[in-house]
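To keep things simple, chains are lettered A, B, C and D as they appear, and every chain counts its residues starting from 1.
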Amino acid sequence: MSDLQQFRAETRQWLEENCPADMRDGKLSEDTSCWGGRKWEFTSEGQRLWLERMGARGWTVPTWPSEYGGGGLSKEEAAVLKQEMKAIGARKPHDNFGITMLGPALLKFGSEAQKKEHLPKVARGEIRWCQGYSEPNAGSDLASLRTKAEDAGDHYVVTGQKIWTSYADKADWIFCLVRTDSEAPKHKGISFVLFDMESEGVSTKPIKLISGSSPFCETFFDGVSVPKANLVYEENKGWDVAKYLLTHEREMIGSLFGGMSEGRSLGELAVKAIGTNPLGQLDDPLLRAKLIETEIDSLAFGALLQSVSDRAKGGESLGAVSSVLKYYGTELNKRRHELKMEIGGSDEMEMTDNNNDGQAARDWLRTKGNSIEGGTSEVQLQIIAKHILQMPNA
Amino acid sequence: MPLVLTEDQEMLRESAAGFLKDEAPVSALRELRDSGSEDGFSRELWAKMAAMGWAGILVPEEYGGADFGMVGAGVVAEEMGKQLTATPYLSSAIMAATALNALGSQAQKEQHLTKIAAGEELFAIAHDERGKHSTLGVALKAERMGNGFRLNGAKTFVADGHVADQIIVSARTSGEPGEANGITLFLVDSGTDGLKIEKTAMVDSRNAARIDFNNAEVTADAVLGEIDLGADGLEKILNAGRAGLAAEMAGSAAQAFGMTLSYINERKQFGVAVGSFQTLQHRSAHLYTEIEICKALTLKALQSLDEGAEDAAKLVALAKAKATKVSLLAAQEGVQMHGGMGMTDEFDIGLYLKRAKVAGELLGDSSYHGNRLAEMLGY
Amino acid sequence: MSDLQQFRAETRQWLEENCPADMRDGKLSEDTSCWGGRKWEFTSEGQRLWLERMGARGWTVPTWPSEYGGGGLSKEEAAVLKQEMKAIGARKPHDNFGITMLGPALLKFGSEAQKKEHLPKVARGEIRWCQGYSEPNAGSDLASLRTKAEDAGDHYVVTGQKIWTSYADKADWIFCLVRTDSEAPKHKGISFVLFDMESEGVSTKPIKLISGSSPFCETFFDGVSVPKANLVYEENKGWDVAKYLLTHEREMIGSLFGGMSEGRSLGELAVKAIGTNPLGQLDDPLLRAKLIETEIDSLAFGALLQSVSDRAKGGESLGAVSSVLKYYGTELNKRRHELKMEIGGSDEMEMTDNNNDGQAARDWLRTKGNSIEGGTSEVQLQIIAKHILQMPNA
Amino acid sequence: MPLVLTEDQEMLRESAAGFLKDEAPVSALRELRDSGSEDGFSRELWAKMAAMGWAGILVPEEYGGADFGMVGAGVVAEEMGKQLTATPYLSSAIMAATALNALGSQAQKEQHLTKIAAGEELFAIAHDERGKHSTLGVALKAERMGNGFRLNGAKTFVADGHVADQIIVSARTSGEPGEANGITLFLVDSGTDGLKIEKTAMVDSRNAARIDFNNAEVTADAVLGEIDLGADGLEKILNAGRAGLAAEMAGSAAQAFGMTLSYINERKQFGVAVGSFQTLQHRSAHLYTEIEICKALTLKALQSLDEGAEDAAKLVALAKAKATKVSLLAAQEGVQMHGGMGMTDEFDIGLYLKRAKVAGELLGDSSYHGNRLAEMLGY
């Protein structure tokens, strides 16, 4: 038996023994996730146990080095773990911006002390992180940020305002872009700092979205004291960290839509809702045409995702290709949800109890943000034109 | 007839625009929504509109109406669309008045038209029975019972259903769903035994209801038009509604575009006005073109109804199909061009998106009318 | 009987007596037109007679004043004439850039002498005109033209090169934009002049298009002498004349597509070529969907054309609305021809005798130029954004 | 299998790219066109390609082929697409080889595969009978006559029909057009009595022919595969062709885009490079994305054929549908972005437009494959 086979056998057994029954329902949505942190209220004892057990092994972050609380697994082992979890319908034990965003940043740019300090807490779900990038009136022009961090000897004094901070009202710590040099041109003079959301001078205000939910906040900093030890990488070089993470984020968002081509096709949904004509075709030829056009693009996009992923596995560096995925994936997702609404018709437009409180409509509305957050579609196209196609500046 | 408004119609537009801006701006819809208004519209405001002649905009003068024709009705609908004004206008003033004008007996007209014009009686058209609209897909059963009928079945997506005093119901007295023959229209008091009316909150915060009919009994007097031969009349009612709705949507599209344009022309990014970016300029110019087309087409459809033109049904289907696409495009582009702000409930553009989707579905979406058009054109 | 009724009766009778039989086949295409001029070879005696008779009455240009060879008709009378001609399927007696372009320019900007000199010859079809606007490497940037006219006392000496000159090789005279002040900023310093294509120093070279035909030329001017009497309007103010004509041209091109919504629908063509399924629907649901989407847009655009035309009749000035028509009309026409090709399939792609030498394919290819000539679609959108929507400059 | 080329396939691509750029650039197609070449391709060039192993790219090694599989075949097709190279590659090397591999008797294989690999025998697939492609729409009649068959009917849009030595003909031995059962494939010598082969100049200047069958008699040996049961084999042949063509079109699209990009980045207007205009940048970026998707999808379809994957037919339909749309979009955008120059025969972009339209139609356009896909997906 190869090492990997043995690992698989052991993993399977461990999961069988340790994954609580109610964590095996295969649910992977944002709503059913465990986000962890100081304020987290577990939805069940099973959810608590599952985080505790997986966190203890570092399997919440399987490929992080074990000295930082990670699982220390190889890519192949991590893939096996994922497969075995999927096989029993295990939920992810833990979702956290600390896992998806801060971790990669610290692993690449953080000091040894910072890694030791922050990563294990992320792994065990003790600290929930949020991201402080966007500012009012900046929008896609991230680098024009105005939140300033003034040098006060051993610490900075941070003053300013962020917007679109995901769940800032529920997070414990923030990783944040601040301006440390107001003279320097836009991209220079920015630093990447970490601080506790319970620091004096921090306040948050949830933003109500068109979908009715409030996953984002406005976040205000009024003279927040941030120890210099919490500066990641070098002063005025925060843009490098941010850029690295942005690319990372775009790939993530893009590949989120990779799952699109799986599961029930739009056509199946439509046949169920609308029925077929005597020729066996969906009984609305124009809707059928729209569906198949979109399904063609979805399935075709799936091939690109696979190709990019396989090239990445082959060691190819992707760079601006993440913008290709982000752009197309989010636009496609918007089209798919428009069509889902059309399939359901007025039934899906009701916001009533017997309609799951209009979840389909809320999802539809939510997709409109996909092509705005993490860099608008327009910004992605600009990146492709500039960095891949090398088209001339205006 | 020239494809322009007459002087009278132009005056009507101006007075409607002014009134609605003052009395029923978008913030009024927000208030209805946020206060959890049970009615879903302001009765006080509706009384004012009735006083201005809008409730009776299609009612003949002998019944106290303004008799402004479909073009006039569309002009007001378009202005309402701009402000997303929530009123029983489409159901009562346009569709019910059309129904009674076209099909009502002398007694029915006398009983209802004056009240419609006065804004005293509210109507709803209960027609759809599932999530997708269909003109002839009527299944709700009306069985003869003595001198009257017994109704059994369920209607959905009934605009203003839960506030209506009277409900015009399409029912099947013979034949199968999908067949024209066998459809009969009934005028049913909403207090009739056997009706269960449930308000359904829609994503656009406008009124709709599901109505169950459980052995609801009506007399023969309740028949509107002829027994079994209601399809033509039904089509007339629906077409008046579709054209009015297209006008409303053209108005919403124009307004959504206008507010987006103001936003991007003012908002700065990378040191310049967002509206100076060439891509947004070209997309705006395209959208403007589509909206102009939509407005011209809608007017043509309204005119054709007033003229009783042969191609009226075709033009109405065209107008509803086009308005459905254009108003959705205007709202989608609006949200995207507003950027993150477009995703917040604080900004109005999201309300236009929601209304575009619901109004698009109401009385048939672009696929539905596209299919009908292809059939009318022989393919 | 009203005056107009009497006019109609007389017109009907005159047409009946004077329109030759072979000019009554209702053909209105570019190929069957009589373009007139010194080099014109009539395709039949009927064509010659028809031009002669209509020209003598000025009915080739019915609304021009009779002192300039026009028909002197009111708009209403001209409309009656058009209706009566249509009723018997009469061809237009004469097509000429002199009618559509030069005439309007001279009527608005020309001197009395110029009108007396040139307009009657246009009316009688004696002179065929071409238009010298575009230059190589200028494209949509018309005003960057470099053909120069140097002042030589009583005449200019014109040197330079034009491109996209329609039928320059068949034309007798040209109306031409030249630079008379090389110091002035682009739009200033341009003049509008007329000259004989037989002048010394003029040569032409046809351009072969992708459709295989050569309706355009490159045109070269090597020290051509142009009397100053042939300057239209004022020196250095030629851009005003050109702008006026461009708007005029765009409206014309846009309304060319007004006829689209008439005649056989794409659907009818498709049913004939492809047939229907047992439900009576075109036996290719996806093609059917594309057709109806395009027909919806065509018919809807027809309403806008009518609305613009009715507003113009009401005396409204249209201005940049011509760009709306040009943009949408030409883009729509491209879509329609793509679909016509799809309906016919490979049959339409043959360039054989039994396929009218591939006329359908040639027409398809020709439409690609619609959104380029007379100002590209991109330029029209820019005009709409700037002049109608008043969007800010970059 | 990872969705990337293997090292061997990568090498094949490089050698193909280099060879074609030198020996068969776009100007070669122009020359064939302008010289009025009767063959429509260069036999000398084809001999060179055969020597490089391309004619036998799908032929097993025992018959002298390179046996490179569909991925390899697609790699070469993609490079040919870039240069618009006119060769009998698709008909002979891809479709005919696939036919003989899958259906040929030992005798048929021995007789033809070696010659195919050597580039000595040219094939054509005579299948379509009207302007629109249809897999099962076979009407051409094959009646039993003694020990053989008599063929009557007409084929159209037969690529390389007039230069082919052998013609694979789909015929109906029973059943009705539209039915799978009753289709039989025949291998017919082009010199057979009763064949009338007429070259049809296509708008893309590539080879095609109409072939009339007037009592053309063939022996039972001419049957390829089984009588009446030819539909599956036919589908295999067509799918190989469709995937190969999709690869060709992906190449053409990439090249058309590349030359457009170079043009707009160099050409100046209003004092700046046209390629600096934001609208053109965004449209270019979108087009680039579509082309990348098209390339990935095509490779996936080719791989699935090599693997005999269950979803191969679906992936091929997808790839042909997508490639048809993307290559047309690339050519349309190319012409428009070239401006007036794009309309001249002097520039190459127009040739890509013509090829995109014809290749899009060949073996089924995007509507055809879209309809098939919807059926495969159960609606």
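Observations
The rule we apply is simple: contacts are C-beta pairs under 8 Å (C-beta built on N, C-alpha and C of every residue); 3 or more make two chains touch, one makes a residue touch a chain.
Please read all numbers here as calculations on a predicted model, not as lab measurements.
In this structure, the chain pairs B-C and B-D differ in their number of contacting C-beta pairs, and the larger number is found at B-C. Distances between chain centres, each the mean of the C-alpha atoms, put B farthest from chain D.
Distance from the chain B centre to the chain C centre is 43 Å, each centre being the mean of its Cα atoms.
One inter-chain figure worth recording: chain A and chain C are separated by 56 Å, centre to centre, where each centre is the mean of the chain's CA atoms. If each chain is reduced to the centroid of its CA atoms, chain B and chain D end up 52 Å from each other. With each centre defined as the average position of its C-alpha atoms, the distance from chain A to chain B rounds to 41 Å.
Shared interface positions of chain C, defined as residues touching 2 or more other chains, are 281, 285-286, 288-290, 292, 378, 381, 394. Counting partner chains per residue, chain B has residues 277-280, 282, 370-371, 374 touching two or more of them. Contacts from chain A toward chain B in the complex involve residues 134, 137-141, 144, 163-164, 207-210, 212, 273-274, 284-287, 290, 334, 338, 341-342, 344-352, 358, 361, 364-365, 368-369, 371-373, 376-378, 381.
Of all the residues in chain A, the ones that touch chain D in their complex are 265, 267-268, 270-271, 276, 280-282, 288-289, 291-293, 295-297, 299-301, 303-304, 306-308, 310-311, 313-314, 324, 327-328, 378, 380-382, 384-386, 388-389, 391-394.
Across the interface of their complex, chain C is touched by residues 277-279, 281, 285-286, 288-290, 292, 394 of chain A. For chain D in complex with chain B, the touching residues are 277-279, 282.
Those residues of chain D that touch chain A in the complex are listed here as 2-4, 261, 264-265, 272-273, 275-278, 280-282, 284-286, 288-289, 292-297, 299-300, 318, 321-322, 370-371, 373-375, 377-379.
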